[in-house]
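Before anything else, here is the set of structures, which you'll find just below.
Next come two complexes, and both contain chain A; in the first it sits with chain B, in the second with chain C.
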Partner chain A sequence: MENDKTPKKSGKAFLSQFKGYIYLIPALAFLGVFMIYPLVDVLIYSFEEGYNFTSQTRLGVGLYNYSYVLHDTYFTQALKNTFIIVIITVPLSTGIALLISLGLNSIKPLKNAFQTIYFLPYVTNTLAVGLVFMILFKKTAYTDGMINLLINAFGGESVDFIDGPYWAKMMVMCIYTIWVVMPFKILILTSALASVNPVYYKAARVDGTSPFRIFYKITLPMISPMIFYLVITGFIGAFKAYSDEVALFGTDLNAAGMNTLVGYVYDMLYGNSGGYPSYASAAALILFAIVFTITIINLMLSEKTSITQ
Partner chain B sequence: MKVVLENLTKKFPNRNKKIKDYVIAVNDFTFEIPDGKLIGLLGPSGCGKSTTLNLISGLEKPTSGKIYFGDVDVTELPPENRGVGLVFQSYALYPHLTVEQNIMFPLGNLKGSEKLTKQEMKEKALEAAKLVQIDGLMERKPSELSGGQQQRVAIARALVKMPKVLLLDEPLSNLDARLRLQTREEISRIQRETGITTIFVTHDQEEAMSISDMIVVMKDGVVHQIGKPQSVYDDPVNMFVAKFLGTPPINIFRGEVKNGRIYIGDEDVLNIAEPKKVKEGEVYVGVRPEGFILNDKGRFTCNLERVEVMGRDTSVVSKHDACENVTIRSIVSAENNIDTDAKTVKFDLKPNKVYLFNKETQDRIMF
Partner chain C sequence: MDNNDRLDTSEIRNSKIRGVIKNVFLYVFLGLWALIVLFPFYFMIITSLKGFGAYNSERIPKLFVDNPTFENYVSAFTQVPLAGYFINTLIFTVVTTALMMFVIVLAAYAFARLNFKGKNVVFALFLSLMMIPNELVIITNFVTITNLGLRNTFTGLILPSVTSVFYIYLLKENFEQIPEELYKAAKVDGTSDLKYLLRVMIPISRPTIVTIIILKVIECWNSYVWPRLITDDQNYFLVSNGIQEIRENGFGRENIPAMMAAVVVISVPLIVLFLIFRNKIMEGVSRGGTKG
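And then the complex of A and B:
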């Protein structure tokens, strides 16, 4: 806080002491109404048993909502789906993004062109991309999508990736998620790689360091803060996946068996089986607990291995 | 290991692609660096001295010319096979590794029969660290070291593989004045102890003169003079070398050789011993600051500006219409009493501190 150099009146001195807080009032009010109040409300909803939205009545207070949600097969399916998506897509997308960034960083001609191409998915609409993926992987009674044509060409049998077996749907889902989240990671990693002072590479070269050792001992530790950032945000983003699933499998995700946690929350609120804000709130808080725990673990790991510059 | 540079030339394509001409960073550099000597490459920024160092290290490939280490032609060898240690201007210490890990890093690159055990590596690193007196700081990270300590770690890392040639790029430029003095003596000591042929680059002539066995003065990619520091200072081949060496710098005057005498303005300031050897005409006259003798009846009159007392010496700052420098700086013994209120000051000149240069080519005219 700034100190007033000419405090003539005591009121002014008092004011200056709280000036900072006064400046904060608009932002605090905004946050209070649109963030803190809803958060508290969700917490309350989740403990209200048999809450009726229209009549604004409830039967009691307790943990029944949580118990219901945890025993709901749709919820356990969504939980399983979400975990599979997280565990497969976060490491894979980060790893592939790192490889592509390393490639981009080491080429000179057409570097900008490639950078633009790799960034395109980021600015493309999710639903449009979903449509393209559906066409690629689709199989109907009359036609095969391009992927199936390829499988046929190699002597395989067509698979319906969109309405077919669970593993096929999950594979498409993971490929799609990786493809969608990659541009941002490439963007971050290429700039992280470019920010490593080239003099380190020169020094390593004079000492005869092999390219692999340069990468493992110099490049990787130096960009590790950015990798951790991507892993943490990647985990959070993947846990909150929903729109990507809708883009591929439509709005009835429970029927497709491809629902996610956020999708479950949405369905509980507005879906065909909806109108249960209490269940939705409980599910949302379970999701929050999971994301929170994973993020804490991530942060602890990153602090342990991070470099002190 | 002696290092021989033979007609070494490096051209870079122009940054501005519309200009087809190449930028010549190093032009036809030929020099044999004797074994076990400390050589200073000296020149203003952009003179090609760092490029020369990069050529010797192998980080850059020469456009033409050859480089020999001893009798072996290393021109085509990549840096790792040359056996050079390179200390960068910014030290390039790996920030995530400790001092010990930094020094051990080059050893970890050894392959096959040369491969060392962890214990051997630690011993070698400690040996190198002791040489530069940082063996007490092995567990620290570079960010926890002072500039001078970082510099030593960088030197230790370059020395740990016992290179044939040690290259230092502006080794003192990131240090403060006091540390610079200390570190340059340190570099000189380490060089003498190891006996490794060492080449260092600097734009600071004082630094180069103080510790080098030989200095190479470069400008615009061209080597102007090579020699022992004192002989280059006493006997510059041209006006650039004369101006570049010495603090305060040499005073340059527009003058004339006439009737066997050197004129500055209307005054004949010096007689030429053998007038027949020198062609008459306009010249540049260079006078080292220590070449002035205060004399009330002196032949050279300047307008006195001020007198700066520096303890041992006195610096007399004056002006003259024919002077190319803004002011004339002359260093005289502090025992002289100078009337600071006087308008003018009179000097005699020491003949061996006066140099004549050709007006066009700026080459030295001997007299």
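And then the complex of A and C:
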């Protein structure tokens, strides 16, 4: 620091000040244009009433966009669908992933093969595999489809899962979502389970503790931070569900009654029902508020439980 | 004494039997999930090998192929511009990943090694940007790109996704683990910052850089939303949009074997990549994966 007093050194220091920003220029430029400016802009859009995209004019400023969106039946439908997807898929996928990871951790032969297979959905194109799911579940004039044949084999009636009743569509939706999100959860939980110190298990076995008690008293507390991490990311991911829906039901999700919040935002922006960036912005901000609130609640819950342990 | 011994052996046998039953149950359970994961892949492959007529005459779809045919693969490349979608995705993936690596390596280096005024403030701002969901900024980006007249161009497709705050953070953490003494020694030797970055930092951090590249390639290959907003000209469709287009307008709605052939072709590159770099990818996803 004292060296800075000599003019030569301080000149160099000035240059190195400058240098840091030169290295940051590309990142700052891209983030500025495609992230910080849009963030301000989306707020402005959401309060501009009657904004016209082609003529770039507006009627006024206020909360009309929010009120419009909240009263739009497509929005409430999307809200309902999204909440159902979140509430069903997050606990189910985390639970099944935990069971599978526990299973994986207690076997040796074939463990690697199973892990490789379980990871496959992560590296597949959602749109492409969604098409396969659609065909497996769809009932057409030619065939009832694989899944219906399976249901028939167990004595059930065929259902059209793609164009049929709401609950059936929702079921396929949830099954596909779970199929897609499982690899990440299994991966995280398997490594969390493997990192539990085996000394605890040995001590418990010496004491003759039952396996269930070992799981409940040792394993679960040890991996609970990872479970919470998965629940939080799972909530965020499920609230942003969109591509999986398109993969199963096509691009016109409103017609199928299977739109999601993110889908609503995009439909407002683009496509046949598009051209309303103001409504899209208001909806996006509502979505962000919901996700933010739920993440905060999750974080508070996770803190509370880790203290009681 | 004698009694006790006998009791012990029968107990051991009992616990062995219990162990076997437990294992059988475990493998059945794990095998069942493996089946659920693999079945869609199996189904797309066998269906893609069935002839159009053969498929439609099966009221109960067969789980094997009688007369395998490759005609669906031929029509996937001739009746719809699948090859075009493929090349587009390849260009998009390569250029986006390369540009992003350039941007994030420089930024991570600045945060990890260079000293400048306001560094901590700028870094805190960067970190806070990680909370911003894409859905919030995509609206304005769509308007920006449209106003710039960049719809249906590669520039419009690529530009918004060449920075990632999260990867800058990941790389910065990695750069910081390289001993600072190395940097000081290099400075004494008169090595320039850029040279040091290229000759020392990047080679040492190669594992992390490879991880980031792989994650970005997967993300690019599967990206759907932004390309859908920004392209409506088939010549610029990526594979995700291509498959949606094929489903809605290509082949005629009922030619499912041909659709399945297209699905197989689209799925193969990433699966091959995964099988080659299995450990690298799984490690990378557990460190920086987000899909879940």
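Everything below uses one rule, namely that the second predicted complex is superposed on the first by the 276 of 309 C-alpha atoms of A that agree within 3 Å, B and C clash if a C-alpha of one lies under 4 Å from a C-alpha of the other, contacts with A are read in each partner's own complex, and residues count from 1 in each chain.
Definition applied: a contact is a pair of C-beta atoms (placed from the backbone, for glycine too) under 8 Å apart; a residue touches a chain by one contact, two chains touch by 3 or more.
Note that this is a predicted model, so its numbers are computed, not measured.
After superposition onto chain A, partners chain B and chain C are found to sit side by side with no clash. When the shared chain is aligned, chain C comes close enough to touch A:Leu127, but chain B does not. When both complexes are overlaid on chain A, the residue A:Thr73 reaches neither chain B nor chain C.
When the two structures are aligned on the shared chain, A:Thr209 is found in touch with chain B, with no touch to chain C. When the shared chain is aligned, chain B comes close enough to touch A:Pro221, but chain C does not.
Contacts of A:Leu24 after superposition: chain C is touched, whereas chain B is not reached. Vertex at the C-alpha centre of chain A, arms toward the centres of chain B and chain C: the angle is 80 degrees, rounded to a multiple of 10. Comparing chain B with chain C, the partner in contact with more residues of chain A is C. Judged by the touch definition given at the top, the superposed model places A:Thr305 against neither chain B nor chain C. In the superposed model, A:Lys240 lies in contact with chain C only, and not with chain B.
After superposing the two complexes on chain A, the closest approach between C-alpha atoms of chain B and chain C comes to 6 Å. Touched by chain B in one complex and by chain C in the other is not one residue of chain A.
Per the touch definition, chain C reaches chain A in the complex via residues 23, 26-27, 29-30, 33-34, 36-38, 40-41, 43-44, 47, 56, 58-61, 102-104, 106-107, 109-110, 114-117, 119, 122, 126, 129, 132-133, 135-144, 159-160, 162-163, 165, 168, 193, 218, 221-222, 224-225, 228-229, 239-240, 243-244, 247-248, 254, 256, 259-260, 262-263, 266-267, 270-271, 273-275, 278, 281-282, 285-286, 289-292. The touching residues of chain B, when paired with chain A in their complex, are 57-59, 78-81, 84-86, 88, 90, 92, 94-97, 105-106, 108-109, 141, 143, 157, 161. Considering their complex, residues 197, 199-200, 202-210, 213, 217-218, 221-222, 307-309 of chain A touch chain B. Within the complex formed with chain C, the chain A residues making contact are 16-21, 23-24, 26-27, 30-31, 33-39, 41-42, 45, 53, 96, 99-100, 103-104, 106-107, 110, 114-129, 131-133, 135-136, 140, 142-143, 145-146, 149, 179-185, 187-188, 191, 230, 233-234, 236-237, 240, 242-243, 246, 250-251, 262, 265-266, 269-270, 277, 280-281, 284-285, 287-288, 291.
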